[in-house]
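Here's a structure for you.
A, B, C, D, E and F label the chains in the order they appear, each numbered from 1.
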Amino acid sequence: MDNINISTISEVVKDLAQNHVKFSRMCHMRYGKEPLPQQSLVEELVDTCRAILFPGFFGNEEINAQNIEYSLGIACDRLSVVLEDQISAGLTIASGDPCGEMPEIQARARDLTARFISDMPKLRDLLFTDVDAIFLGDPAAATHQEVIYCYPAVKAISAHRIAHQLYGYGIPIIPRMISEIAHSETGIDIHPGAQISHHFAIDHGTGVVIGETAIIGHHVKLYQGVTLGARSFPTDENGNPIKGIDRHPIIGNNVVIYSNATILGRITIGDNAVVGGNVWVTQDVPPGARVVQAKTR
Amino acid sequence: MDNINISTISEVVKDLAQNHVKFSRMCHMRYGKEPLPQQSLVEELVDTCRAILFPGFFGNEEINAQNIEYSLGIACDRLSVVLEDQISAGLTIASGDPCGEMPEIQARARDLTARFISDMPKLRDLLFTDVDAIFLGDPAAATHQEVIYCYPAVKAISAHRIAHQLYGYGIPIIPRMISEIAHSETGIDIHPGAQISHHFAIDHGTGVVIGETAIIGHHVKLYQGVTLGARSFPTDENGNPIKGIDRHPIIGNNVVIYSNATILGRITIGDNAVVGGNVWVTQDVPPGARVVQAKTR
Amino acid sequence: MDNINISTISEVVKDLAQNHVKFSRMCHMRYGKEPLPQQSLVEELVDTCRAILFPGFFGNEEINAQNIEYSLGIACDRLSVVLEDQISAGLTIASGDPCGEMPEIQARARDLTARFISDMPKLRDLLFTDVDAIFLGDPAAATHQEVIYCYPAVKAISAHRIAHQLYGYGIPIIPRMISEIAHSETGIDIHPGAQISHHFAIDHGTGVVIGETAIIGHHVKLYQGVTLGARSFPTDENGNPIKGIDRHPIIGNNVVIYSNATILGRITIGDNAVVGGNVWVTQDVPPGARVVQAKTR
Amino acid sequence: MDNINISTISEVVKDLAQNHVKFSRMCHMRYGKEPLPQQSLVEELVDTCRAILFPGFFGNEEINAQNIEYSLGIACDRLSVVLEDQISAGLTIASGDPCGEMPEIQARARDLTARFISDMPKLRDLLFTDVDAIFLGDPAAATHQEVIYCYPAVKAISAHRIAHQLYGYGIPIIPRMISEIAHSETGIDIHPGAQISHHFAIDHGTGVVIGETAIIGHHVKLYQGVTLGARSFPTDENGNPIKGIDRHPIIGNNVVIYSNATILGRITIGDNAVVGGNVWVTQDVPPGARVVQAKTR
Amino acid sequence: MDNINISTISEVVKDLAQNHVKFSRMCHMRYGKEPLPQQSLVEELVDTCRAILFPGFFGNEEINAQNIEYSLGIACDRLSVVLEDQISAGLTIASGDPCGEMPEIQARARDLTARFISDMPKLRDLLFTDVDAIFLGDPAAATHQEVIYCYPAVKAISAHRIAHQLYGYGIPIIPRMISEIAHSETGIDIHPGAQISHHFAIDHGTGVVIGETAIIGHHVKLYQGVTLGARSFPTDENGNPIKGIDRHPIIGNNVVIYSNATILGRITIGDNAVVGGNVWVTQDVPPGARVVQAKTR
Amino acid sequence: MDNINISTISEVVKDLAQNHVKFSRMCHMRYGKEPLPQQSLVEELVDTCRAILFPGFFGNEEINAQNIEYSLGIACDRLSVVLEDQISAGLTIASGDPCGEMPEIQARARDLTARFISDMPKLRDLLFTDVDAIFLGDPAAATHQEVIYCYPAVKAISAHRIAHQLYGYGIPIIPRMISEIAHSETGIDIHPGAQISHHFAIDHGTGVVIGETAIIGHHVKLYQGVTLGARSFPTDENGNPIKGIDRHPIIGNNVVIYSNATILGRITIGDNAVVGGNVWVTQDVPPGARVVQAKTR
């Protein structure tokens, strides 16, 4: 007999399939036909948005004058289906009642989907400022086209601006799934809650972390490995972290932060400041200041 | 004639196909029907394990009470086939005789596969402590579900616990292939040999490196960019590194290590210690101590 | 009615499809049948090269003595088609006239493709020195086979050596797309312009950045998070960065650079120097020197 | 300009997309989210049923004792989803109100699906009699296994028995879509309404046609090209055919009908009769009789 | 050694790859980049046309008011690419000079493609008469929808009307490839040259053959197995058949031909005639006549 | 609760999974790792053979002088793997001991595979005579190329010549699976046992049936719907048909048989005879004779 002992497998399967309390948090199960967040659909959602925002660079690579309107139309139609479904999934989970009546949730999901799609042109305009900032900030970039094709920041920032918009609607989980997709692609981890102004640039980017309550001005540029994190966070009487407290830095306009700098806590980096690489900053930095690492030995 | 000169291609092909000594190390060739490590199957192995350990989050996204037992059964059955094959491949390579008799290897692979599958429930329980630790340690995490979906640490630690178990069976290469899959997904690079206790958390994670002989206590939390590495390693008379020497740190219980800290060598970080970001540590840190970077200028 | 209001979608589509000045840089559109850089084809190009350079490890996993010549032949044939197409795409964009006559571009693309394929055996020999250097430099590596399968450096350096060769031919964009594919896979970001000698090793690698004008000697080893970057760059009268200035470090032979070190500007790290982890270096380091971080508090 | 004139395409598209009366019958359009009959899902339904009825021959080809229960479980679960959806689609169309309230339809679809699945074991037993009859009736068949693998009659009759059961529930369209799938695969066209007893055999089968109101006894064998058709049918005052009249033959038990025989109208072929090849029969044939073609010249 | 002797395969491959005279007709080889007829693209062409002519029934099954224009637009755009390519392929072969200059062929292909697409609405209208005729002629058909989904005649006649249009443009091979695709799907074999008027119906259809020079009036209905073939054909002095002679029947208006009737030669079946099943007709049949088989014994 | 009652499915699954005597014939189950006939692999086998015999027409459509040898090499290599596996499967079944020792079966399968591949050039030469005969026999065929692309007879006869060769080696089931694949594609059903000489042509072909012990001379042409069948067959004392008796017609050289003719029993149709359409022949036909149907009424 070449197979694993049959009873081994059936015992393990029975054990794993048991629905006890602890296991229930590890298992993502449908009770009826309610929508659930689905990794594969959220990935499609991100791909579809990028195909709409940067036609020909992402998605259908054969765009021309003859087919661009149809191609965008199909993409928007598909986006409307997938997004409504995943928004419903997020709202359902937040409702705490996966099996309850859902007509209100569906109506709200439809409204939010329409709102999101209506805002796509504005999103594209905002992303163009980011592409422009990256292009102007890097002598190695020959064309805007090269920036869109070859800079991971474009993937990371486009995902962030999509996720941030959905986060603003109060939809749980889905925005974080989006940001994690970009994190896995690029090594750049931006929490959907972070508020980032126009002309935002990241170079290289691997290891960048931007926390939930960070606020970033316009014309800011980050290099790889920069952390805008929390220093510590208060816990409640049970020792659990208190959610929703402002705990990440505020970065002014025209700031440059070099590679592997770590900036922690609700501090402010003033306009036009420059933060050197590999530093650990936990105090305010005044406007126009320059912070660098202690001398090496 | 539109094609590259035919003789160019055929000369290059002949050159590349020649089986000289140097090339043999660059070419992974079957001699008969012996199994070989296969990247695509090891990826399937990881995906299948995650689908078993976190039903509905990974793999088949349509889990419900009606199909969960069948779905887990199919996944375990497929796991038994793929795992036995890849364990055989690893053992065959270690045997140094790819064309020899293999019944013993096959029998051992079958036994180890059964053992691995039997331990899946324990593996799930251990992973739950990690999910719980991540949830409790991050104010940005709203639910356990969000942790499993959105935290790369879950992918990295699940892959590590799978790989570590196979590493413990003495199977070569396959565990490293597994850890590298997670590294590529998450930027978190944990050697399969590392011994990691329960309630292990990593936040963000990009750039984390944990070496082969590292030992990590329970309730440890690492941030992005942390290295638990070797400082240097002795070489033999031929200048080749001596394999298998303990050369990575020992981390106590309840330790927190902040982003981009580099901890090198067989040193000990005592229980309850805190290591600040961007530091370079090559000496023991006593229990309860707090290490931070020199002041910036 | 269950669908998003039809006029919403059609208005958004019309807005996005309008071909105004700003949008034209965000949209990658064919005018006729000229080739365009295509992400999916560049990915195939990288996969095919790796399958040729490391048969059995990448691509067709069932290589044996019976089929190796045919398998390499098919891969080289496919490479010749895809590469010629993407070289044409790069040259077309550089020509500034996407709709012009293209016979000269096609002829040049064909020549460069033949030249690239002719050099594959040399590329393989060079890559072997890298594999060997990685193997010898890591006590955790049991075999050359493990190195090729499990070390992201092999993916990153193979992509770099491919991209660097195409960069040397003066082809725009395509080399950068190749380097970005490897960056996404491995977290290692090497600009195609960087000149890297034989026996080059990177360990772990996440967060490594090597700039366009960097020059690296033989037997150099980098750890994760190392940046070889530019310190600053002159701008022209319009505030735009001046392209093409030497602005990245020169690394001598036999140099080791530990994790998260940041080395910036056109400085020289002398032969046999050692740069410790987490340091910020903006001045020359003499041959044989050792640089480490300031003491922690 | 290499593309078809843009206005040509957009004019044609506008013309085709106009929703005038005639066109509405040629276009199968959703109004909301109601289910529609879908060719691809009906094909999956047939494949899934065959995988359940003949495990290992159709569908998952790797059945063994370890996985058979899980494999059948997954197939039945998938069948329950697809079948409920397509039954709803059929009932919705029949209701004449695609946008109306559907809870009753959904409830009925769920009941009918459960009923269908409950009857799968009986269906399998009945199909076994057909396999057995084919095996016993053909000296060229070496094993039952060969019959299931190689005889198109098995595909045709299994599809018929599935379709006939659904037809019996009063579900429109879906049963006919099933029979047409088998027709396309095998050249055997059996209307779902035909009543066929056990031990039914068809040899070769191309061109066989069995009409909606045909009744066939047990142990009947047909050869290729046999038609059991209608002779003519009455029309109503508008010249439209009157639906639902018995108009096809009744075939007794133990009848053999040779290739290309055409039997038309509500006539009866008595038990144990033999109908020779290439004949045209429009009158009753008594039990035990033998009918053959007129002599050739 | 488990593999077939290497020299066996390499000898066979060399033999098969030799380009001698006889073999050249069996091998369909590119000399440069000229287009060649491609089975897979012709299949896509048929599928795309059907998706345009019967939206929602074939191709994208999720048609609704929001996406229909975009969906048809994308389909027409894709059709324009594939059709132009395959028309070029057909014309190139007919030119007898696969390596010659092709701008004229490409221009002609583009014109014919535009012409074909312009005529799609007329094609749809014509096909609607066929659907209507099938519906009215079969008491078993409940709705037009059922006819489009479930009657192989719809597949066969739609393919024919597409192929016939291309045949009318003088394009070689491609129309025949189209008709053979429908033949394989349905068992109905209509030569693209056949001229068929509106309101054409076929019931069941398996085995129907309609020859190249057949002419069929309006409101004609055929049953399965009907042949409209050639009786014999004159040969030239070398014994080769002379191409292009009218050699198939002319069928009048309102004719019904029952199953397996064989009608051969350039004869005329008069208006309103009825031809019974299984007859062999090689002489004219006058208008209104009724032909049936000799009595059985 | 939206799902079918869970106990319904689990009861049905248990019933179906029970391994009782009757069910064992309906289930195709592995006991260990022995090979089993697999529909998907046999389909691949047929596709691969056709790609080898008609390069560029089937399989890889991009054949040119640069890649033809590699493309044929890869196809032959793949064929050697799939064929050896399926030959083993056939022989294992015939051995009656699926779990026994298999080294002899594997050795035999390897020998037969090598033999089959060695004979591919002869098979190609033989098939060329068939292509030539079809071309010369049909005024509608413009080129050999059109014949290979568009005549189902090429698919049917190529599958037959492949299957007949394997049948000649005594391999069970696999040859029949091959012939059934062609039957489903073309409506032409040729038993692998039939002996067919060179220059064999079938026109249209739907409904053709050629039995196991039929013998067909050279330059024979059949039209659609022709049956070369058995008249009746003796049964043994249990009423089971006696296997292996010569029971199908012998067709001489240069014979033409028109559409829907049915020729039954071990009779001989003499050289140069012509059999008209729709006739039923159960007696010898002398050389040069012409048989036609009785007059119609």
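Here, a residue touches a chain if its C-beta (ideal position, glycine included) is under 8 Å from a C-beta of that chain, and two chains touch if they have at least 3 such contacts.
Everything numeric in this text was worked out from a predicted model, so none of it was measured.
A.B. asks: Smallest number of touch links from chain B to reach chain D?
C.D. replies: Minimum number of steps from chain B to chain D: 1.
A.B. asks: Treat touching chains as neighbours and tell me the shortest step distance from chain D to chain F.
C.D. replies: The fewest steps needed to get from chain D to chain F is 1.
A.B. asks: More contacting C-beta pairs: A-C or B-F?
C.D. replies: A-C
A.B. asks: Could you check if the interface between copies chain B and chain C is built from the same residues on both sides, meaning over half shared, or from different ones?
C.D. replies: Result for this pair: different.
A.B. asks: Quick check: how many Å separate the C-alpha centres of chain B and chain E?
C.D. replies: Once rounded, the distance between the two centres reads 57 Å.
A.B. asks: What is the distance, in whole Å, between the centres of chain A and chain E, each centre taken as the mean of its C-alpha atoms?
C.D. replies: Here the centre of chain E sits 52 Å away from the centre of chain A.
A.B. asks: Between chain E and chain F, what is the gap in Å from one C-alpha centre to the other?
C.D. replies: The computed centroid separation for chain E versus chain F comes out at 25 Å.
A.B. asks: Mark out which residues of chain D touch at least two other chains, giving numbers and ranges.
C.D. replies: Correct list: 2-4, 9, 13, 31, 62, 64-66, 69-70, 73, 77, 80, 187, 206-207, 225, 260, 276, 278-279, 292-295.
A.B. asks: With touch defined as at the start, can you tell me which chain F residues reach chain B in the complex?
C.D. replies: Touch list, chain F to chain B: 3-4, 6, 9, 13, 64-66, 70.
A.B. asks: Considering only the defined contacts, which chain B positions touch chain A in the complex?
C.D. replies: That would be residues 52-58, 61-65, 68-69, 72-73, 76-77, 80, 84, 110, 113-114, 117-118, 120-121, 124-125, 127-128, 131, 136-140, 142-146, 148-152, 185-187, 204, 206-207, 223-225, 258-260, 276-279, 292-297 of chain B.
A.B. asks: Taking the complex as given, what residues does chain A use to touch chain B?
C.D. replies: Going by the criterion above, the answer is residues 2-5, 8-17, 19, 22-23, 25-31, 36-40, 93, 172-173, 176-177, 179-180, 183-184, 187, 189, 191, 193, 206-207, 209, 211-212, 225, 227, 229-230, 233, 239-245, 247, 260, 262, 264, 276, 278-281, 291-295.
A.B. asks: Quick one: which bits of chain C touch chain F in the complex? Just the residue numbers, please.
C.D. replies: The touching residues are 62, 66-67, 69-71, 73-74, 77, 80-81.
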